[in-house]
Every structure is written in structure tokens, then in C-alpha cells.
Amino acid sequence: MNSRLFNWCFKKSIWVYHANAGACNGCDIEILDVLTPYYDVERFGIRIVHTPRHADALLVTGPVTRQVRERLLRLYEATPEPKLVIAVGSCATGGGIWYDSYATCGGVKNVLPVDIHIPGCPPKPEAIVYGVAQALGMVPKQVQAQTYIEE
Amino acid sequence: MFKHTISELKEALVCLQAGQVTLAYPLQPHPAEENFRGKPVVDFERCIGCGACAKVCPPRLIQLTDADGYREVSYTLGRCTYCGSCRDVCPAQAVQMSPLFETATPQIEDINISIRLKLLTCRECGETIATQRMAKRVENALHEAGYSHTENVNLCLSCKRKLGLNSPAWIQEVTR
Amino acid sequence: MNLQQVSLDLFYTLIFPGFLFTAIVGLLLTWVDRKITAVVQSRIGPPWYQPFADVGKLMAKKMVAPSGSSIGFFIAPLISVAGVALASALVFRALINPQAGFVGDVIVLLYLMTLPALALIIGGASSRSPFGAIGASREMSMVLAYEVGFLLSIIAVIIQSKSIQFSGIIAYQAAHGAIAFSVSGFLALCIALLCVQAKLGFLPFDISEADTELIGGPLAEYSGSGLALFKISRAMMFFQLPAFVALLFLGANQLTLLSLIGLALKLLAVLALLILIKITHARLRLDQMLRLFWGRLAVVGLIAVVLAMVGW
């Protein structure tokens, strides 16, 4: 009963910390848009906090540049368990245009264990809300890999 | 500070007139606007495997690999920047930018697309020329332009040159 | 000092009207705060169970303490909750059972109500983080500022009602009408409301816990159950401080149902006023706040005390 109660509490109350790991700020502006009354994520219990110690989820944007990689690892370690890592934007999910650059690590998945990827350049605020709702189990996943073989 | 207080309280009461502006998303769908460039989708019947999209893609996420008699066109859409260049250059209008933006997933491999098309080999030397669909497209274009001799479409370039050297009558007919 | 008396006292302190009752009602009042904020900002707010989910989630998370932090880091949340629980037990026991109070319990209440601020200072200073240190020093300056105004307004009430027992003040209001209807009482009410705004950490006086400036100030290094206890004590203060102001200034209350509903409405009105001021103001700088409390409100408080002595 205890763990079911705590699972319910985690689904209803997620506090996110926004970490910019070398992004161009496009995705950061879209994350700011999500916090406006138009999309109102507070009804799902989501709140922005300003220190990773209070956070349950890290919203990481940007391909992880070499300089920020160590600080991003320290942010991840400073967040208490249990935690989620959400990679927002094409740079965070796959490295974007800098996927093979000497200056980046090619996306967050090469640095931290990612729980949900939200592609987009930048992703619409609705796409970010959809991604976080999927992490909370509110909506199902819509994409799947497509393969076609001509016969 | 107190003059400010009264005016701010009046403003707060005015804001109440706006009512509630919140969208009901994600409990209700909220489609994207017109001309929105979402996830690229490929019409598998129209793609000819030419590789024009692979040449123009900025993050170079479209790869063409020839193996085992098949050409594989693979899109790793994790790093797509949604520029639309692949749609602009596709000669068969196979790639479209759909309005799909709900592409979040725990595994980023879930938005990959992979297309395998049969390759055409030279009837003389067996070298790979291109995909069979590209050859069909060239044949159709030649027929529409009025040329009836399209039997040499399945020869590679070196074999076509050798054919030209050995049969002057064929050259004369074409260049007349 | 028999077992029945001790267990009854423990019940009053921990269950009703002490810790558990005040915590539940206080968390519901934080929901009221968030809902009013949402309505003014033209959006839907969180559902009614949101504060309970927040506190439950914080209890389930691992608590991380910085290395080198002293024992004060762990004691501070407990001091905060204990102070507010005892204060609310005293206030509501005096309402329910007038003979249960003792002479001078208003003074004891004032001391108990400074314990949450002291706990913030201790917690911030012992968290071995520059944000905590700055937050603790700002909270110290703020406590020196708003306690002066609060004490002066309570002194005006005590002078007018000629009693330093909580039940005595309630009895005076039952006989002579609400204290807020007199000139000195009205001035004292305004000062007390502003001081309660500062005590609750509401804008424009949330200088020590500035989220975007100081990353939570004294709370920057707290996580898990420590943060949960601080949030619970803050929620309990939402209930206890407006109730204290309503009982002291806004008229008498007996134990009848009509009177209790009247008390609830008065509490909600005081809270709604504080929330409206919170939503519509920006944060003051520390020196602006000190000038406001020491320069202007203390002078108004002295005027209120003099008027109370004269009899107005």
C-alpha cells in the first residue's frame, strides 16, 4: 500500500529543473512558453524549481558541450532519487546538427540515462506537454519505427 | 507602495474578466496550424531511392547503403531540424512534412524510417547501377519524350559506352 | 500529572487542534491560495489534492545532506513544525475551552510564532551553502523588522482589552464589540496584516526565500523529508496566523455553529486579502522593507499604542 501511495504521489506532483547544456535557447524559450496560462501545466502538478535538490525531473536542452558535461553530471548527482531525465529538442535527443562535432557529446543519451526524448527544433509547447504527460503515463506513445521492403 | 497597491488590486479584478484561457490539451487534441513542418513522412510507393534528400539534409541523417541487392534509405529522425529541404528536392514528391508533432518516445529509435528498394544490376557485367524504380522512371520519361528504344536502360555506363563503340548504326539513328 | 492528563495534552497537541488538524486544514488553505492565484492569472489551477501529493512525494524522496553540515540542518525542520503545532494548539484550545488558558499566554504565543523564522535561520546557516548563508542573514534582518510592528500592534490590543490572556481578549470583544472598530484597533489591524504577510513569506516580503535570486535561500540544500516538514509548517502557518489575527481583532467567537462559520469566513477573508496583495506585487529590496517596517509601520504602531492608552 505504501509504494502504491508513493507512486500515486509521484504521478501527481513532478517538480522540474531546467538545465541548459549548451542549447541555442530555442528549446528554452519553448519551455518558458509551456509555463504560461495558455498551457497551464500546474494542473498536472508540474512546477519549476530553481535547484536540483528540490527537483524530480531534469529537463535537459542542447547537445552536451564538452565544457558543460561535467556540470551536467554534477546536476544529475545532486538530484535526489527517484528522478527522471527528459531530453528536449533535436540537439538533446540526437545531437542535432552537431551530432559528430568535436565540441559536443552528441546528445544527452551519451551522458545520462534518458527516460523520455522529445524531438523538435524547437518542439512546440504542446509537444513538450505531450512528452511530460507520456512520462507520467497519461497519454500513449504515438510513433513507432517504420520499415518497408520492396518485393 | 500603497498607491501602487490600490491600482494593482484594481488590475487584478480587471484580469478576472478574461476568464479562463487554458487549452484543454492534452486531454483534447489540438492540431497544428497550416504549413506546420512536423515529422517527415515518406510515401513508400513513390520513393525511388535517388538519394537527393540525403545530399541536402543538414544534419546528414538520411543514409543510403547498398547491400545484398537492396538499397536501404534510412532516416534517423532523432536529429531532424524540420527544415523541409528533403521535401523540396524530392523528384517523386515522396517526402512530405506531416503535421505530426507528438513524437515523444522513451527510445529515440522509434521514429526511424527504413526503406529497402531492389537494385538494378547491369545485364552485361553485373555491376550495380541504381534502384529498379529509378530505371523505371527513366524509361517512362524516355517513352513520354518519344524514344521507343529503351532496352539499354539496364546497362551500366561503361557497357553502354562499349555498345556505342561497337554499333555505329545505333548512334546514327539516335543522333539523326 | 496523571496519565490521563498527559495523554489528553498529547492528543490536543498532536491530533486536534494541534499538528494533524492544523496540517490538513493548512494544506487545504495552500490549495485555496494556488487556486485564487490561478483564477487571477486566467488559468485552471491544481486539483484539491495537489498539496497532499506534493508533501507525500517529498516524504518519499531521499533526503540528501551536504557534507560538513552540522546537526542544526536536521533539527531546524523539527523546530519549525513543533513551534507552529504548539502555537495552534494554544490558540484553538483557548477558543474551545476558555479556562484552559493561563495568564500571559499571548506572550507565549508570540514567542512560539517566531520559532519558524528561527528554524529557517538555523537551517540556512548550517547548510554550508552561500545561498543558505545569505538567506539566513536576510531572514535575521526581516525578523528584527517585522517583530517590532507585530509586538506594537499586540500591545495596542492588550492595552485596550486590559488582559494578557487570550480568553480575556475574546471575552472583552464579546462585551465591547470587535477591536477593529476602534481607531487604535484598526491601525493595529493594518500593521498586523502586513507583519503576517512578512511572517508567511508572501510577496512583497519574501526576500529571504527569493526563488529566482537565491534559489530558495535557507531552503536551497533541503530535499526529501526536511523540505516536506518545512512545507508543512508553512502550510500550518497559513491556517494559524490568519486565525490568530481574526480572533484578536475581528470580533468574539463562541462555540456555536454560526459563530464558527463566521470565524471560518473571517479567516478566509483575511487570507484572500493577503493572497491578492501577494499576487499583485513585486518583491521589495531588503533596505526598502526595513525602511517600511522600522520607519513607517513602527511609527504608526506607536501612534496606535498611544491612542489605545488614551482610550480611542
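Things worth noting here:
Note that the chains are named A, B and C in the order they appear, and that numbering of residues resets to 1 at the start of each chain.
In the analysis below, a contact is a pair of C-beta atoms (placed from the backbone, for glycine too) under 8 Å apart; a residue touches a chain by one contact, two chains touch by 3 or more.
Computed from a predicted model, the values in this text were never measured in an experiment.
By number of C-beta pairs in contact, A-B leads over the other of A-B and A-C. A comparison of C-alpha centroids places A closest to the centre of the full protein.
Averaged C-alpha coordinates put the centre of chain B at 63 Å from the centre of chain C. Averaged C-alpha coordinates put the centre of chain A at 28 Å from the centre of chain B. Chain geometry summary: the mean Cα position of chain A and that of chain C are 37 Å apart.
Within chain B, contacts with two or more other chains are made by residues 21-22. Shared interface positions of chain C, defined as residues touching 2 or more other chains, are 41-44.
Each of residues 37-38, 40, 43 in chain A touches at least two other chains. On the side of chain A, the complex with chain C involves touching residues 5-6, 8-10, 12-13, 37-38, 40, 42-43, 45, 49-51, 53-54, 56, 78, 80-82. Those residues of chain B whose C-beta lies close enough to touch chain A in the complex are 21-23, 25-26, 30, 32, 39, 44, 58-61, 70, 76-82, 100-118, 133. Chain A contributes residues 37-40, 43, 90-91, 93-97, 99, 107, 109, 114-121, 123-124, 126-127, 129-131, 133-134, 138-139, 141-150 to its touches with chain B in the complex.
Of all the residues in chain B, the ones that touch chain C in their complex are 1, 4-5, 8-9, 11-12, 15-16, 18-22. Contacts from chain C toward chain B in the complex involve residues 39-44, 204, 276-277, 279-281, 284, 292.
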